[in-house]
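Just passing along the structure, written as structure tokens.
The letters A, B, C, D, E and F name the chains in turn, as written, and every chain counts its residues from 1.
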Amino acid sequence: MIGRYQPFHLGHLQCIQHVLKKLPEVIIAIGSAQFSHTLHNPFTAGERLTMIRLAMDEAKINASTYYVIPIRDLRVHDLWVAHVVSQTPRFEIVFSNEPVTSRLFKEAGFRVEPIPFYDRETYSATEIRERVVKGESWDKLVPASVAAYIKSIFGDERLRELALSDSPKHQKSARASPF
Amino acid sequence: MIGRYQPFHLGHLQCIQHVLKKLPEVIIAIGSAQFSHTLHNPFTAGERLTMIRLAMDEAKINASTYYVIPIRDLRVHDLWVAHVVSQTPRFEIVFSNEPVTSRLFKEAGFRVEPIPFYDRETYSATEIRERVVKGESWDKLVPASVAAYIKSIFGDERLRELALSDSPKHQKSARASPF
Amino acid sequence: MIGRYQPFHLGHLQCIQHVLKKLPEVIIAIGSAQFSHTLHNPFTAGERLTMIRLAMDEAKINASTYYVIPIRDLRVHDLWVAHVVSQTPRFEIVFSNEPVTSRLFKEAGFRVEPIPFYDRETYSATEIRERVVKGESWDKLVPASVAAYIKSIFGDERLRELALSDSPKHQKSARASPF
Amino acid sequence: MIGRYQPFHLGHLQCIQHVLKKLPEVIIAIGSAQFSHTLHNPFTAGERLTMIRLAMDEAKINASTYYVIPIRDLRVHDLWVAHVVSQTPRFEIVFSNEPVTSRLFKEAGFRVEPIPFYDRETYSATEIRERVVKGESWDKLVPASVAAYIKSIFGDERLRELALSDSPKHQKSARASPF
Amino acid sequence: MIGRYQPFHLGHLQCIQHVLKKLPEVIIAIGSAQFSHTLHNPFTAGERLTMIRLAMDEAKINASTYYVIPIRDLRVHDLWVAHVVSQTPRFEIVFSNEPVTSRLFKEAGFRVEPIPFYDRETYSATEIRERVVKGESWDKLVPASVAAYIKSIFGDERLRELALSDSPKHQKSARASPF
Amino acid sequence: MIGRYQPFHLGHLQCIQHVLKKLPEVIIAIGSAQFSHTLHNPFTAGERLTMIRLAMDEAKINASTYYVIPIRDLRVHDLWVAHVVSQTPRFEIVFSNEPVTSRLFKEAGFRVEPIPFYDRETYSATEIRERVVKGESWDKLVPASVAAYIKSIFGDERLRELALSDSPKHQKSARASPF
């Protein structure tokens, strides 16, 4: 299951619970792992990994049923499938709602399935980042342990400061992709 | 002659025929060679290279009068001329309509000439990609062998799927540059 | 003091003079050092370094009170502070008005101060690049030696040619960031 | 705890058990994660990650007490500590016997402790790789599940084939570093 | 057929002629394409490409039966097969005598065959580079047009100068790999 | 004048003084700028830049007569000259004793002159690094301010610790190149 988890929210969690009902193990691949400190990718891979472990423990999901693995973006699309394969245990199904990811894995011969998001309008990382920037309430959209962690590292303050940038590199709005 | 050839079309072919009337040999440099699977760069360098060979054979152009060489984008502009020079046989004239390319080669002391496009509005790779995405007729704009090849690798299907992406990385519209 | 200096102008100079009144030494870090030949980054790091030395000599600032050091953009934000630290002499205060830069150095434990720009609307590199492209008067906004240098390397002609590009890579307008 | 785990063996396992007696959680960082298919680094990061999970399950170590995270080599030493920090949850002690790693983390202000290897001569990844290449017995030096896994992916055959290379890039002998 | 062609010699030519008796088309992949100006890789990809075209023309091999394509080394082995595939037309058999290359393509599901070198001791690029450095006779080992070309670009002089380096980066001896 | 300055010593200083007698300005390019913390490249570019400024001030050389600019190694030789040119003010003569550097600049049309080292056996960075590692006296080979600086950052301790590594990446002996 490939996502950016900026941040990890209750929709992601429901997804993983859904997959684990059908399959014995799931690999949670943290995409764009090298990026952080932008509106679109505010948290480091290590911070996102911490959120996921906290959320899984809170939901009492057995840690031996999942892997969490940071995966860099390569920009060179036709190497990316090989990169994912080399950094992860063997897998058979790819869960993704992103058309480019789906196409690449399909062309490489993998079975690709859509992620069954629950209430996708509300449980959206983009929505959460926007609420943080605007100073609106956001913490009910993520597991309680994730909300507490984000505050403990001043992640909400970081997002608000990043939103002040007028450099074109950083201007990409907080609203951007399904993850 | 530098282009991206996404895809190679009849305008490109006329160009090459025009140049080969005046010069004994032409180097066809496939730019942005590392990119593929985006709306702007749907085909791999290998696929584009295959299209060019098919088109040249169809047009009965002697293979010993041209070279086809993939060239990566470097993003670092002032290294790019040196990169092109290192990956190609010696050349004297650069054909390009792209102002940045022209400027870089001029500053490096090369003779730069515009590419005499025929009916540039119609024979345009951007126009072709847009027609594919919209499901309109496009195959009369490329050599017959190229149209057949694109269909055989499901290239039209690929483009339509890529157009579904709403990730900002892939949102660049199909209409973008003269090549 | 971190900036891109595209080009170095009188506002930058006032800034440095202001800092040198309070501190014995200043490091002038030329950001985005690997880029050149775009509307947003027209000049190479070497050209910008030359402008700075010319401006400092013209302003009779002692060369032993400052360092000028090119710094590449890494895109990977959380490595960038470590990169700056490794390429420069030891420093204690960071001067920056860019929120991402400020945030990154603050999180790394540095003291960050805003740059006290004088008449920021007028003395703006973006404004200067736009005037050059439009053929308006720009040379009163930079030190006389910098204006002469830019003309001697045909930098104004370069900018006007780059502005003709309609490739999306080069379309970023000349108006973009505070530096 | 930083290592390359080529392959993961009983010495590594004892180490982790030793650390987990003293600390509640350990991060197992798989170094040189981008490399594979050389004598010195035969296995991909994904394969090494699989070995570690198998070994930990076999030793009945609770999966919620450790993280396994692939970490790329950067070659640029003074960025590497920042890279490790960005890809992992917060940590306080670094376990390493490698002098460069130790020095870098010490200069960055971390507490660094040596890894208490048990019978380091025998339980050595280098020793294991050499035995595989020579066709000697090696499987008693790794957990039973790891030995079975390596055979199931023909990892022993891969190592013996790699040993046939006489290209200088691949000649680095199987005997090389403490991990 | 994958090689470095430093330089292209009569053994390479015999090989290609052998393959073209059995197959309609051959792709000649120039490996390590980004490297040049070392003892081990003295010539640029463009220079090697020129040698190959000259040799093929001299041997009266029809240019429409082969492709010549520069391929960069990636160092990251498990991405390299995907890289070769993306830069070339579709192929079914890989000809290589290099164990790492063979292993990687075999694991990716390709049919790999050894290159039937004729008189490999004599027709060896390493042997040729050593003879050039020592000032011995070498030109009978390459096609006449290649020998003339190397002399015309002062390639022999370049090799002798590179041999004077005592920097460890450049010390790799001229004798190194089968290509 | 291109060197690595690991560390900057009295031989380097004499060289610069020699050049400044004949020419109005000299660019001191710090090569391998991205490397540090190895036996061969123990100091960061920023540390080396600091040494040079200290040595020049101690020798009372006017700071407006020289530039000190870090330059990364690119490994891709035929881009390196273009890289040096883009990062530095315009220059006409290259001073280097390294055959590869000399060859590359000569092929690019530059005038290349050897560096007139004084007593090269004694004033050698390699010799200095070896003495530090062995605990022998080394501080008379560098300017007094440089010796004091190295000790203040525990640079001698760093070198001795790096020498303990038995990893092949770090094994390159302290004795390696003329700089």
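Just so we're on the same page, a contact is a pair of C-beta atoms (placed from the backbone, for glycine too) under 8 Å apart; a residue touches a chain by one contact, two chains touch by 3 or more.
What you see is a predicted model, and the numbers here were worked out from it, not measured in a lab.
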Target chain D, source chain B, minimum contact steps: 2
Classification of the chain D:chain F interface as same or different, half of numbers criterion: different
Chain B and chain E: spacing of chain centres that average the CA atoms, whole Å: 27
Cα-centroid distance, chain E relative to chain F, in whole angstrom: 36
Chain centre separation (chain C, chain E; CA means) in Å: 45
Residues of chain B whose C-beta touches two or more other chains: 34, 36, 44, 78, 85-86
Interchain contacts (touch definition) - all pairs: A-B, A-C, A-D, A-E, B-C, B-E, B-F, C-D, C-F, D-E, D-F, E-F
Footprint of chain C on chain B - complex, ascending: 40, 75-78, 98-100, 102-104, 107, 172, 176-178
Complex contact set, residues of chain A against chain E: 78-79, 81-83, 85-86
Residues of chain A touching chain D in the complex: 33-34, 36, 44-46, 49-50, 53, 57, 62-64, 67-70, 72, 85-90
Residue numbers on chain F that touch chain D, as the complex places them: 34-38, 44, 158, 161-170
